[in-house]
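Consider the two complexes below, in which subunit A is the common component and subunit B and subunit C are the respective partners.
Let's turn to the complex of A and B:
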């Protein structure tokens, strides 16, 4: 019972976009798919949901292929940044079409959500601002009866109040009807408490694949006078650094050496998820460390 | 020496979009213009930069009108969410045009920024992702020689690393050549340390206009057992609340009453800027308080 992504590769005009991606996406779990602009996140989501074909590799749901398989594809839904809707069509009409397509589309919940987000369903899609286009697409994604929902940039253009409302609604609808959400977003700190498991896609490869508590447990900021910090972190997996005056911070991902004495001048703290991500994926800076 | 916005009103099809806006924008200062989706922020920025006309009111720069005045308009630049560029034109070509238009356009800095953001200037504008379109527009905005730069949604679609890089570059370019920036963004916490002064545009009116330290100084979270909190906050300007179990938080904007005893069970802290904004502009929730 899961989505299996096996040895998926994608290239375009000789450039690698995805390099040997292997992932398991389990039922009823909330995932974060994190990656920088251009890392390949949207391509991966499009391949999983059969909108584009992988150059090689397979994607299966409960061991059935997802390529051109209407039965299994109906169990997946991708909310993407691309606007697939006709600009001149009214939102109520778009909901009618979606309801006809998905028998169990939760129209009542869609109406409730539109009221909470103050979205006028009589508006035409093309008349909506960036934020309200996102809101409409979010509402559809939360109301389709699929078991696996992929949200690509679900808060693009949303104000702080609407983002909070979306996070609350996600938690509520998930607890009422548990299903899988895979959230791809650049606002990492805001979803850090929502997601159970993280995939980091960096330079076309999966570089982190683990539970959020496990990952944060292995993420450290080691701060103090430059020489003391350098001495303590020698040989550790340093992913980044900051300097201010004579004080240095080294960011480490991975185990510390327990038997190494910690100088009194050095402070060890855990990193938050966004800071970890920024350092893991900031390749220009890592070159300067040590 | 400043931009004066006086009694500006805007309505469209009988609907009020801006209601009697009066603001002063001083030279060499960094402002935040905060507002919810649909509050009228983009309309205000378009009026200031003469892209659209106000229904009534005036906008002047050093006492000269900005309406159709090429001399004063050249001192202003608006980076907006709307894409004004031809999709098929290469970025280098777009920079050429901008350089020809603004004699003092800082082409060297633009090239440096493109390298830092890893933006390929040989790409065509239409081929860029949302994030990279924003990056290109940001680069232009940071390199034009204007004295007043308005940034409407400057981090839309940017990943966490690129957002950090932009904030750093903004501070550096500002300290090298002080000028005014007015930043309109939904990522309030990320700019809270950058901006000196805040305008909040709420339901078409300016409801907050003050320095960031002053505003945060007047913003409180009062937390404790429900009855004790209610007793302490009676008569204060409560802008929102949260409840969890028997614990209540009331959010207050404005002075506390110094001679009122604080119950031992009640904790008073300051709010951060985003939390203050969310509560100030969350009209649905305020109705439930007390």
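Let's turn to the complex of A and C:
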């Protein structure tokens, strides 16, 4: 019971977009798909949802192909940055269309959410601002009876209040009806407490794939006087560094050596997800990801 | 038929009927109401005949354009359907079913209009109207039984609309895969090439060409059901009907092949 992405490659005009992607997306989990601009996140989500084709590789849901397959495609929903709805169509009609094709669409919940977000369902999709287009697509994503929901930039154009409301609703609906959410966003801090598992897509490859606690357990900020920090981190997997006056911070990803003595002047803390991501994907520093 | 196929087909048919309604309404507004208003404001109401205007709307021709154009609209539907978990294959199947239903419905409406409005207004019997219709070349092939000839005319027109629709589907699917730039080039180039082709054909028909097109002409005659010893009205409708069926199948196949390659434009 999972979505299996195996050896997926994607290139366009000779340029590699995705390079040998292998992933498993399990049921009833909240994932974060993180990557810098142009890393290939949207392309990967589009391939999973069969909106575009991979150059090679396979994507299956419970061992059934997702390519041109109503049965499997009907079990997932991708809320994308690209607007695929007709601009002239009223939102109520778009909800009707979704109900018609997906089946048990939760119309009551959609109406409640529209009221909470102050979205007029009689408006035409094309008349909405960027933020309200996002809100409409989020409402559909939260109410659609799919097992796997992919959210590509789900808070694009939303103000802080609406973002907060969305995260609350996401947690509530997930508690009531657990299903898989894969969230691709640049606002890592905001989703850090929501996601259980993280994929980092960097330079067209998956460089990190693991549960959030495990990953954060393996990431450290080692701060102190420059010489002491350098001495302690020699040979460790340093993914980044900062310097302020005489104080140096080295960011390390991977296990520390237990037998290595820690100088009194050196402080070791765990990184948060955003700091880890920034350092892992900042290629001015030499990062080695294990 | 799967639940999804049924849902998509119903959706497309409903949408097509709504569009067809709007098309006929616009036609009525443009060719009846507008001339009426013009006549009213220019003080020429005596020269305006409401009944005559209403009876000359040519619904069959309009439906031909309609089915070709709407069936060529591929990407708009594709993006909505893929957003809602509908596969390309189901989309294609639903469009074929929609085309069949709409062609029969469109021809039914056109026939009702032709024999219920146009013919009586022009004081024509059904038989006289049939003799003046696009089916006139074949109107007596099946004998003098009017019902059989009307039925054959109905099937002939349905097949024609299905052919137009599948051609629209094929072209629409191909166009959906092109980039905007290439699409513009094609749109500009095709009429120019068409013009030169027309000049070439005209020149050939006038005998100014050294090419021998006798074989091609005979083939076209065969496709049209031309009978060497038969007058117009007694042409054989089976060859053109068979040609339309085969042509529709080929066009539907082309549409299917390109439909399978549809993808969301980034």
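By our rule, the second predicted complex is superposed on the first by the 284 of 290 C-alpha atoms of A that agree within 3 Å, B and C clash if a C-alpha of one lies under 4 Å from a C-alpha of the other, contacts with A are read in each partner's own complex, and residues count from 1 in each chain.
The rule is simple: a residue touches a chain if its C-beta (ideal position, glycine included) is under 8 Å from a C-beta of that chain, and two chains touch if they have at least 3 such contacts.
No experiment lies behind these values; they were computed from the predicted model shown.
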First, second, both or neither for A:36, with subunit B first and subunit C second: first
Touching partner for A:157 - first (subunit B), second (subunit C), both, neither: first
First, second, both or neither for A:84, with subunit B first and subunit C second: second
Partner chain(s) touched by A:76 [first = subunit B, second = subunit C, both, neither]: second
Subunit B versus subunit C as contact partner of A:50, first or second or both or neither: second
Subunit C residues touching subunit A - in the complex, by the definition given at the top: 2, 4, 7-8, 10-11, 76, 79-90, 260-261, 263-264, 266
Subunit B - residues contacting subunit A, complex: 35-38, 81, 129-132, 153, 156-164, 186-188, 274, 277-278, 281-282
Subunit C partner contacts - residues on subunit A that touch it in the complex: 42-43, 46, 49-53, 68-70, 73-78, 82, 84-86, 97-98, 100-102, 146
